[in-house]
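Before I ask anything, here is the structure I am working with.
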Amino acid sequence: MNNYRIGLWIGVALVALASLAPLGLNDYQQSFLLQVFLVIALAQAWNLISGMTGYVSFGHAAFFGVGAYASALLLTWGFPWWLAVLKSAGIAALLAVPLGFLTLRLRGPYFAIAMLGLNEVGRIVATLWVSVTHGGTGLTLSPELLPSLDVKYFTMFGLALGATLLVAWIHRSRFGLELRAIREDEEAAEMVGVNTTLNKVIAFVLSALIPGAVGAVYVMYTSYINPSSAFEHARNIEMIVVVLFGGSGTVWGPIIGAGTVMVLREMLWAQFPAAHLAALGVLLLVVVLYLPGGLVSILRDRQRSRPDARSGESP
Amino acid sequence: MSAPVCDPDHILCAWGLTRDFGGVQALRGVDLHVARGSITGLIGPNGSGKTTLFQVISGLDRGATGAVTFDRESILGWRPSQIYRRGLARTFQLSRVFPELTVLENIVVAGSRHDRSVTERALGLLERVNLRDYAAVLGKNLSYGQQKLVEFLRVLMSDPALILLDEPAAGVNPTLRQTLWDMVRHLNGLGATFLVIEHNMEVIADLCSEVYVLSEGEIIAHGDFAAIRNDERVLEAYFGKSRRHGAA
Amino acid sequence: MVPAAPSGRLKEEIIMKRRLSLSVLFSLILAVIIFPAVTQAKDIVVGTSVALTGKYARTGQEQLQGFQMWVDEVNARGGLLGRKVKLVHYDDESKPETGAKLYEKLITDDKVDLLIGPYSSDVTMAASTVAEKYHFPMVSSGASATEIWERGYKNTFGLYTLAETYMDSILEFGKSKGLKKIALIYENTAFPRGVAAGVKDKAKKLGMQVVFEEEYGKASTDFSSMIIKIKSRKPDMVIGGSYLPDSTAFMRQAKENRLFAKIFAFAVGPGLPDFGQNLGLDAEGVMGNTQWEPTLKLPGVKEFAEKYNQKYGHEPGYHAGGGYGTGQVLEAAVKKAGSTDPDKVRAALFALDIVTTFGRFKVDATGKQIGKPAYAVQWLAGERHIVLPVEAATAKAAYPFKDWGKR
Amino acid sequence: MELLEPEILLQLLIGGLLAGALYALLACGLNLIFGVMRVINLAHAELMLIGAFGAYVLFHIFGLHPLASLLIVVPAIFFVGYYLQRFLIERVVGRPMLTSLLATYGLSIILINLGLLLFSADFKSIPALQGSFLIDELAVSKPRATAGLISLLLTVGVYQFLERTRLGKAIRAVSEHAQVAAICGIDVRQIRMLTFGMAAAMAGAAGVMLSVIYSFWPGSGVDFIQKCFAIIIIGGMGNFVGAFYGGILLGVVEAFVGGFISTQWAEAAAYLLLVTVLLIRPTGLKGVARA
C-alpha cells in the first residue's frame, strides 16, 4: 500500500471520529477539539502561503482579526451566523487582494516584517476606530446572537477540513507545483513561464480567506473580541510553530503539529501559563535545530538522492 | 512606441538597448539581429554585458531603454513569463534548477498548463539524455552537469522558437557536453533558433553561422566567425593593452 | 538559502537513529494526555480566574488573597452547608480572551458550584458573557464599569461602587476650592472609560471645564508628550482613569516634566500600598479613590486587616477587602438559598441586602451595586488616608498639591 | 495654536531625541548582528531586559546605583551574548531566514517566561534618578537626559571602534564578505561570537538605561523589538549608521505625533512609518536586499 492510500484512510478515519465526537464528549472537551480545528485551519492557511511559496508571513493573524471583527459587527447588526462567516471570509479575502499586490513585491525578511507591521496596523485601526470597534474595550456578543456549540464545532471542523483539502489539492495540482517553483527560485520560475505575481497573489488571497472565516467563528466561540485578542502576535507565531513542528509545505504537517502543540498546551496553560510558553519555546528550538523537516520527516523519511527511488510522485 | 521594423527573416531584433546601473552603463546602444533558424553566437570578454543583454531580452531586467522585437512583437517591458509563453526561452549561466523539486517536476513546471501529455513529454526528454532514471531525484541531488542539462531540457518544454543559452556547457563533463551540443544541432534542424553565449571558440566556429562581439556594453563587431576572428577591434577587446575603466 | 549537500551513508544512519529517538520522545509527550481531573463531589467548588500576570497582576493577586482568606475561614468554621469549600483558580494574564476561555473551563470542565468574577471590568466584560451563556450566577468583585450591567444580563452581581461615581467627591472638593479646569486622561478600556464618562458628566453639572482629554493604550508607559501638552493647558486638576502601573508612571513623569496642578487624582493606583512604595515622597498629596480601607468602621474590618497583615506581610488594599467581601456575599447567598443550585443562588443574590466587611451589598434588577458609597483617599506623610466623605475621613485633606520645586 | 509655541516644540524635540538615542543603541546592535550573521535576533529586546533586571537586582540587593551597575551588567551580558552565539546562534547562521527567526524567537519566549518565573509580572522600576534639570523654564528629565546621553556615547563609541580598530575592521570585513574575510585569515567564528557579545552588551546597556526611565516587566520587550524592526527597515538592514538615524528619527516622530495627535497614535507611528517605507522603497531606505 502506498503512502497516499495510507494517508487517505487515516484522513477518513479522523473525519469520522471528529464527526461523531460530539456524541461522546462534554462541552469542554468539544470546545477543546474546536480549538484544535481552529489551529489546524490557521496553520494550513499559513502553510498555503509560507510553506508553499516560501514567503514567510509573520502577520497572518491580521486576517483572523479582520474576520473576527467583521463577524462580531455583522452579528450585532442582525445577520445570521452563517452569513456572517461567509461575509467575513469574503472581506478578509478582498482586503488581501491589494495587500497581496503590495506586500508580495517584498522579499525575504522584508516581507516577513511588513506582514508583522500589517498585523500591528490592524490592531491600531481596531484600537483607534472607536465608533465602530469600541476601541480597547472590545465588543461583547450577547449569548442570544450566538449559534449553539454544535454549530460552531462543525463549522470550525468544516473549515479545518476544507483548508486541509485545499492544501492537499493544491499540493497535487499544477498550481501547487508552480508555487513550489516560486519558493525554490522565483526568477527561474518566472523564466519558465510561471506568472509569479498572479500565483503568489492567488495563494495569498486563499490563505487570507481561511483565517477570515476562522476568526469569524472564533468570535462566536469566545463571544468577545478586542484589538489585542483579534490581532494577537502570539497567534502568528502559533501558526508558524505548528506548521514547522509538524512539517512545512506538507499536508499532514499542520495537523500533526496542531495536535501535539494543543495537547501540550491543554496540559499546561491553565495552571502554568509561563511554563506552557517556555515549553513551547524549548520545543521550537528543538525542532528548528534538530528537526528542520518537522515531525512528518520522522514518519516519512525518503531521501530521494539516488535514482532507484520511485518515479513520478509528488511528496 | 514606434520601434523600427524588424526584417521578417529575423526572429529577434534589438535596437539601441541601453542599461544604466546608477551611472555604470552595462549596455550602450546595443543593436542585434538574430536570423530565423540560425545559431547565433554572442561572445565578448567577461563583464562586457552579455548576461545583462540576456536579462533584458528575457524580461528579467526591465530597466533598459531601447527596443526589442521578438517575432514581430515589441517585448520590452513584458513579464518574463509572457515572453516565455510567446516562445522565447533561456537558461542561466549558473544552473538554476529548483533544488527541492524532483527532476521531473523541474521539467513539468515549464510545460504549458493545458497540455495533458506534459509528463509523458518530459519523460521523453529525459530519456533522450539518459536521465529518465533520475526523474524522482531532487534537483539538489544532481551533479552540476546534470543540473545544467535539466535546465536545458526544461526550456524545451514550451517548444520555443528562440532559445538563449548562457554558457550551457560550462561545468559540464565532456560526454554530457557533447550530448548537449548534439541536441542543439538537432533542434536547430527542426527549426529552433539559438542565441548562445559561449567561451569555447571551437564550439562557436563549429556551430554558429553568425557571431556578435560585445565589449564594454557595445557591439564592436558581427559577422561570420572567420570575419570577426580577424577583426582588429575584437582582438583589442580580448587582448588589448588599452583597458579602459579597468574593466576585466 | 543554499541547500545542504547530500550526506554520507554513515551520517544518514546517525540521523535516522537520532530521528527514531526523537520520535519516541514525541510519542511519549503525546501519550501523556491528561484529561480533566474529576473533582470530588462532596466539596463545594468555587471557581475564579484572576490576573496573576500582566498589567492587572498586582491587584489581581490582592483579590485572590482576599478570596483565600475567606475560604480558609469558612472551612475553619465548618464549611458551607456542612461541606468543605475548595477554591479553583487560574491566571487570566490580564487578558479578556483568556478570561473568557477560563470561565468556559470552570463551568464546563471543572464543573464548579459557585463562580467569582475576575479582576478588572475589562476581563469581566468577557467573562460575564460566558456566565450568561450558561445561566450561571457570578459574583464579581473587581469590576465597576456600568457598561457591564447595561447588556440585560441576569447573572452578574457587582460589589464595587460604580466607576462613574469614583471621582464625584474629589470633583466636588475641587469645586469648593474654586477650581475650574480639568485635564482628564484614561486608559482605553471599560473601567477607565467609565471613570472618564463619570468625570465629564459631573464636571458639566458642577460647571467645570475639561480642558484636556486623551485616551491611552493598555500597555502605555510613556506619557511625556501627553504631559507636555497638558502643561500648556494649565489645568487646575489632573484626573486619571487609570490602574496601578500607569498612574505610577504618570506621576513620575509629571515630576520629571514639572507638571503642576492643584489636585492630582487617579483611579486604582493611589488606593494601593504599592503606589506609595514606588513613588516615595512623590506620592505625597496625590488623591485617589477606594472602595474600602482597612480603617473603615465596618463589622470585622479590623480583624480582617490584622489577620491579612499577619498572613501576607502587608496591609490589605481594597482589592483584598473586596475579595474577602465577595466570599461573604457568596456565603450569605448560599445559606439563604439552602443549596448551590444556580437558580436558587441567583434568586438569593438578587434578594440579598447585607453589610459585609467590605460594606453594604444590595443590587438592582440588573445585578448592579447600588448600596455602597465611594471614598476618596490621599497620600499624607507616607500614609494613605480616607479624606472624603468627611464623615468617614481619617485625616483632613491637604490642599493644594505642593509644587515640585518646593518639596 | 498653543502647540506651535517654540517652547513646547523644543520640549518635544528634546524628549524625542533622548528617546531616539535609546532606540538607536538597541537597533544598532540588532543591525550589527544582522550585518555580520544575517540573523534577525528576535530575542534582542529580551537581552535588553536582562540588563534592566540586572540593574534592578543590583539596586535592590546591593543598593548599587544603575549607572554604576552598567560596569557590571554590560560585561556580564557581553559574555551571555558571546556564549549564546557559540552554542545557539552559530548553528543557524547560513540557514534560511525562517530558521534563525524561529530559533531566536524560541529563545525570546524562554527568556520572557524565565523572567516571569523569577520576577513575576509586576511592573518594576528603580527609584534612583528622578526629577529634572531646569534650564530657564525648560524642564529636562534627569533620567531621560542621562539615559539619552549615555546611549549616544555608547553608540558613537561602538561606531568608532568599528571604524578605527583592527578588530572593528575585521567585523566589518566579515559583515561585507565572510568568505573573503576568512581567506584573509580572519577567524570568522570568533568574530561572530564577539559581534553577538558586543550587540548583546549594547542591548544590556540599553536595558540599564530603560530601567531608570520606565517601569518594566519581563514582557516589556515586545514593543521595543517591533519598534526596532521598523527602525532597521527604515535605516536599512545591516546598516549601523542607518539604524542610528532610524532610531533618532523614530524617537522624534513619536514625540511629535504624541504631542500633536495623541499618545495612542504615537505608539502606532513606528508601524505606519514601517509600512509606508516598505511601500515606497521595497528594500528599505538604505537597504541591502539580501534574502
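Here the chain labels run A, B, C and D in written order, and each chain numbers its own residues starting at 1.
In this section, a contact is a pair of C-beta atoms (placed from the backbone, for glycine too) under 8 Å apart; a residue touches a chain by one contact, two chains touch by 3 or more.
This one's a predicted model, so the numbers in the text were calculated from it and none came from an experiment.
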| item | value |
| --- | --- |
| Chain occupying the middle, per Cα centroid | A |
| Chain whose mean Cα position lies farthest from chain B | C |
| Whole-Å gap separating chain B and chain C, where each centre is the average of the chain's CA atoms | 72 |
| Geometric centre distance via CA averages, chain C-chain A, whole Å | 35 |
| Rounded Å distance, chain A centre to chain B centre (Cα mean) | 42 |
| Euclidean distance of C-alpha centroids - chain A vs chain D, Å | 32 |
| In chain D, residues with contacts to at least two other chains | 97, 116, 264, 267, 291 |
| Sites on chain A at which at least two other chains make contact | 127, 274, 305 |
| Multi-chain contact residues (two or more partners), chain C | 6, 53, 188, 215, 217 |
| In the complex, chain C residues that touch chain D | 1-2, 52-55, 57-58, 94, 188, 214-217, 219-226, 228-229, 232-233, 244-245, 248-249, 252-253, 255-258, 278-280, 282, 404-405 |
| Chain A to chain B touching residues, read off their complex | 174, 177-178, 180-181, 183-185, 187-197, 304-314 |
| Contact footprint of chain D on chain A as seen in their complex | 50, 56, 58, 102-103, 105-110, 112-114, 116-118, 120-121, 124, 127-128, 233, 237, 240-241, 244, 274-275, 277-278, 280-285, 288-289, 292 |
| Complex interface listing, chain B residues touching chain A | 58, 60, 79-82, 84-85, 89-90, 92, 96-102, 104-105, 108-110, 112-113, 119, 123, 133-139, 141, 154-155, 157-158 |
| Chain C - residues contacting chain A, complex | 6, 12, 16, 18-20, 22-23, 26, 29-30, 32-36, 53, 90-91, 93, 95-97, 100-102, 104-105, 108-109, 122, 125-126, 128-130, 132-133, 147, 151-152, 187-190, 193, 215, 217-218 |
